[in-house]
Amino acid sequence: MSHNSFGHLFRITTWGESHGVAIGCTIDGTPPNIRFTLADIQAELDRRRPGQSRYTTQRQEADQVRVLSGVMPGEAEGEYISTGTPIALQIENTDQRSKDYSDIARRYRPGHADVTYDVKYGIRDYRGGGRSSARETAMRVAAGAIARKVVPGLVVRGALVAIGDIWIDRARWDWAETANNPFFCPDAKTATRWAEYLDGVRKRGSSIGAVIEIVAEGVPAGLGAPIYGKLDSDIASGLMSINAVKGIEIGKGFAAAALSGEDNADEMRPGENGLPDYLSNHAGGVLGGISTGQPVVARFAVKPTSSILTPRQSVDADGNAVDVMTKGRHDPCVGIRAVPVGEAMVACVIADHYLRDRGQIGVPRS
Amino acid sequence: MSHNSFGHLFRITTWGESHGVAIGCTIDGTPPNIRFTLADIQAELDRRRPGQSRYTTQRQEADQVRVLSGVMPGEAEGEYISTGTPIALQIENTDQRSKDYSDIARRYRPGHADVTYDVKYGIRDYRGGGRSSARETAMRVAAGAIARKVVPGLVVRGALVAIGDIWIDRARWDWAETANNPFFCPDAKTATRWAEYLDGVRKRGSSIGAVIEIVAEGVPAGLGAPIYGKLDSDIASGLMSINAVKGIEIGKGFAAAALSGEDNADEMRPGENGLPDYLSNHAGGVLGGISTGQPVVARFAVKPTSSILTPRQSVDADGNAVDVMTKGRHDPCVGIRAVPVGEAMVACVIADHYLRDRGQIGVPRS
Amino acid sequence: MSHNSFGHLFRITTWGESHGVAIGCTIDGTPPNIRFTLADIQAELDRRRPGQSRYTTQRQEADQVRVLSGVMPGEAEGEYISTGTPIALQIENTDQRSKDYSDIARRYRPGHADVTYDVKYGIRDYRGGGRSSARETAMRVAAGAIARKVVPGLVVRGALVAIGDIWIDRARWDWAETANNPFFCPDAKTATRWAEYLDGVRKRGSSIGAVIEIVAEGVPAGLGAPIYGKLDSDIASGLMSINAVKGIEIGKGFAAAALSGEDNADEMRPGENGLPDYLSNHAGGVLGGISTGQPVVARFAVKPTSSILTPRQSVDADGNAVDVMTKGRHDPCVGIRAVPVGEAMVACVIADHYLRDRGQIGVPRS
Amino acid sequence: MSHNSFGHLFRITTWGESHGVAIGCTIDGTPPNIRFTLADIQAELDRRRPGQSRYTTQRQEADQVRVLSGVMPGEAEGEYISTGTPIALQIENTDQRSKDYSDIARRYRPGHADVTYDVKYGIRDYRGGGRSSARETAMRVAAGAIARKVVPGLVVRGALVAIGDIWIDRARWDWAETANNPFFCPDAKTATRWAEYLDGVRKRGSSIGAVIEIVAEGVPAGLGAPIYGKLDSDIASGLMSINAVKGIEIGKGFAAAALSGEDNADEMRPGENGLPDYLSNHAGGVLGGISTGQPVVARFAVKPTSSILTPRQSVDADGNAVDVMTKGRHDPCVGIRAVPVGEAMVACVIADHYLRDRGQIGVPRS
């Protein structure tokens, strides 16, 4: 079975294959009277767009989005006001090189979903990885641009914190840096190391994994739907749905397993507006599945892409042993472009929970 | 908002507070003609039951489950045959010591959901942690006993792999060992180290975290619902919903971020029955969100409980600064009892996806 | 497949067979701080309870409900305050006469779900009709008592408007009358006719159908989730889910098909509070799937029960021709007891939509 | 709140306003390897298309559908094979005459959703009725073309059975006739009466309602998800979601209320393949919410459109009293074009339940 919708009250449904005519999404549940511009969406897409540096895939996609429904025009061109009806976004695919994939029409690339899609469906659009390609994530990023508008004051930002085993130095964390290098790296020094490192990876036709951290600020306290719609459960589900993700953490994550109760729990002292001040944020902004009002901090691990130049043992659709290597245009580190995608997923989850608690209609907006 | 149901076609809905009259769950979607016994369920519950060793909470709960609907009687007492209608399971709470919690009726224990429940709901059953207590997980374990019956040949087992920073030696992994020590530890030597270590933690009135690994075997290939109902997304969501969980991994998890594409991707060679043989399982049994047929391997990290004897800075419901320490009966390592809970969540997810692909009625059963 | 939950944010999940140990429901999504009493629920159940007159089934069920979770105690015994966590309600079955049904263990009563349950599930609890019995509706009525509390000012009332082809005289409609006769009839004169008529039906061992009208007042304008969660769609789904229902109408219903546009549309004139006054209510309180603020008026038709004394041609589970007649205790007109059930379903739908628009937490309450 | 998805495993999500750029839908859950052609979809759309006769709206829409995803190309142009991934369908709007609606930008047409959309959302696309227009139903019809392919042997047909109070003569029912007149009328004689009658209605600038009957044959027995996902509940919900619908019936519908148990229940005698033969079909193919294997028969009542030339009392968005009459292009009987829409909804429901019981992957296909 397939399930291509995410969210309950703020729900996105995506469609489209990597080499199909287009990709798109329908956003259901945007409250009415939310103002946004085409530029808002395009800006997010541009952060994800391939072909922007030599460290990401060389496929050139303009990724120009169109808004097809759910809005009334604003005052200027490209300005929109949501009506509360479903918003359809769409991007034409313009730079498919299907022949790049013809070699693997019937071969299974190890580490890719080729084999599992064939096992499950008995048929697959192999071109460009079809539906299993990360191309689909462009629509999540587009939807995330609107999700960000649903919660007043919400700011969701992402950063790469590790490539391979080269981690940033948190003491040098500067959000402004993430816009100054091709890696969304908040630590300028580490960005330089990564550049050099990835040049080597790319030239070898190899690939490497990465870890991304997403921080959401301005999250109202009290969001989350215990027991099975916990805020962190939904964030985990959303991040795990991104291509090539193999691990999720909230707050201290796996490191919390090695902490004592005294060291891990975030102490409190009197605060304002009925909320305490927290002396730390090991919890990552979520306690008992509900937001505390502190920054929500999540991390996810992206495995290295399996689209590499090294021949690997595999099988073909007829069950014969074959070697597979992937030519064509690929990311040496797919984790880089996952940063805006992770931001979008977290934004969508928070928007969804905001509406579930506050209602879609009774939501104050600018 | 609250959301207390998990799953789509195999769906469990739980209810009940830690110190309420009872706890229960409704299992909707069990295919008809599945045979199970009260002993099947009780056996799973007994693995989770508190008061079994000095390393777990001393609350004595008989945790005797009753089946109230959804079955016809089998031949012997305690034997049941599912009818396809909802199965209600229920456990009476017998050993609540509500006065143990009277100190914290209006105090927020750091690291617990006390404060977030109050922020969200404005009212909470503080007794024993109310709905946020891990008592609720008993019902998941009960439901998991039935989930295991849905997929012929499915075996789901869990083991503790780390307490604090003391990890097992994987080379000595022996599933049979997990039944020989109070820790579900598959490595006898490490179990001994943990016993000594935890004695110290317990005596200090402190707590420590843990990492649990769940392995599901006999998972048919092809299960999972891309893009947003991926098998690993649902597993991540289910495991993250367990109390005190802060991290989830599938396969290599975060370690995959430090691997190259050559090292991470699982090579294949010709196999049987239309499926390849895999030369490794770094993927953890899931590729593109769909099961490969290999063991599904997931890990989750449990933070240390915040119910400790050390006084900690906090606030009360009136916003005053207070110190909070928790007396009463607590787990020095709540991760231990989470093992059967993790197994149950994974079993429920796999059962759900099995039915989504194969249908609830056309499912072959023993 | 089975699906035993109804609603999105205010969601009820029921379980239990007619002759099982008990029946119950879980109500998920009740906002916190809603006050209710056991008597509130019991009062609704008592309106539905069998054995109250010679016109309804003679099964004697005390139908005493228990609240098992989701509440803190109020000041007096039987008073509760919702915590926002799931509320479990339960009723023990005390008066099953399973041997009354032993004749039909393997026979299919025409017009009943016996045959379809066997076709679908391959196994059924035949005792008392098992899960397909109207016994399940007691839990809906219980849940409806709480649903009514969710929307401030909501009043949902039902009345029988026809038994067989004997319709009430709408000109004599008096809600107070519905409590004065065994039929929920708002027209005293017609109630007398029905009494005489049904005596004949009952003595003949026959049965007859009925039409019930539900009117909800105090419904805020603007509720409903176009296009597929329209208020009237959800009401239709909820009413159609009641046993033996074969038709649903909103407002003028089928009569609207014979009206001209001039005669059917409800004209408006200026009103108060941003809402118009309507000069009529042919729409039944719903326009475009959204409530207008006028009374929501729905009707449903209940077919005659097929549990009658006349032998009818049928087959048994082995495919042999048999005659079936049902002895035991039955309703000559099952529609009578459906009145509180219809009220409950409409109340649940309105509560659900109220929360979907206003949010479960930001809901003003008494 | 808005909710624009319908179905569980076979789920359609629609978007688009009457005068927006385009309208579209995403079909999630189509099993893989289903073959269909553009002509299959176009044929269904052409049955619904406006401007086909003087009895339906004169808006000229080519309604040419495009398939944008979810398929691999078949052998010939316009032939497709589903891959199991979401299928996006889209139709450009080409003949919007927005100025036709400028008069009512701030006026509320009685009987239309103008006022309720403004109350709910505070903003609406008034052009052509925006999202509340029946234009959206084109996408349901397109999706229905694919739904029909999911269940082997399924045939879903609709017919108009009444316009105003002029009913067909069932004794003359001939499905072939429905293609010979502009009314989907199965009774040639009545079609002639309707032509004459509607000419008068149209010339008067008035409108009239209608009743449509949908018959689904080849429905496997055993489909439906009791208690709250009953086949007839989902059909009722789907039909009620169609614009202007005010009543739903299954089988005998409201007439069943006037029948005795002896007359209403469908007797059975031994049949084949484990299913009985039924001596009648008053149940309309559904018993206890589950299909019997007999034709599923549903009817729905469509109210007269309120877009008429007669001035009616109303208010405007500022609360002033105004008269409203609608010029522009309208249907004197919107029920006519609802026939293919009703067929599509029933097809979608049956496809959904087929997959819920048989699984999306284990479905035999041609």
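Brief remarks on what is shown
Think of it as A, B, C and D in the order they're written, each chain with its own count starting at 1.
By our rule, a contact is a pair of C-beta atoms (placed from the backbone, for glycine too) under 8 Å apart; a residue touches a chain by one contact, two chains touch by 3 or more.
A quick map from chain label to UniProt name: A, B, C, D = Chorismate synthase.
None of these values were measured; they are calculated from a predicted model.
By the document's definition of touch, common neighbours of chain A and chain B comprise C, D. Path length between chain B and chain D in the touching-chain graph (shortest route): 1.
In terms of C-beta pairs in contact, the better-connected of the chain pairs C-D and B-C is C-D. With centres set at the average Cα position, the gap from chain A to chain C is 45 Å. Here the CA centre of chain B is 38 Å from the CA centre of chain C. Chain C and chain D, compared by their mean Cα positions, are separated by 27 Å. Shared interface positions of chain C, i.e. residues touching 2 or more other chains, are given as 1-5, 9, 14, 85, 120, 131, 222, 226, 355-357, 359-361. On the chain A side of its complex with chain C, the touching residues are 8-9, 85, 222, 226, 355-362. Across the complex, chain D is touched by residues 1-6, 14, 108-113, 115-117, 119-120, 131-132, 136, 162, 164-165, 201, 206-211, 221-230, 232-241, 243, 245-254, 256-271, 274-276, 279, 282-284, 287-293, 301-308, 310, 312-315, 319-321, 335, 353, 356-357 of chain C. Chain D makes touch with chain A in their complex at residues 1-5, 9, 11, 13-17, 20-24, 26, 28-29, 32-33, 66, 68-70, 72, 81-88, 120-125, 130-131, 355, 359-361.
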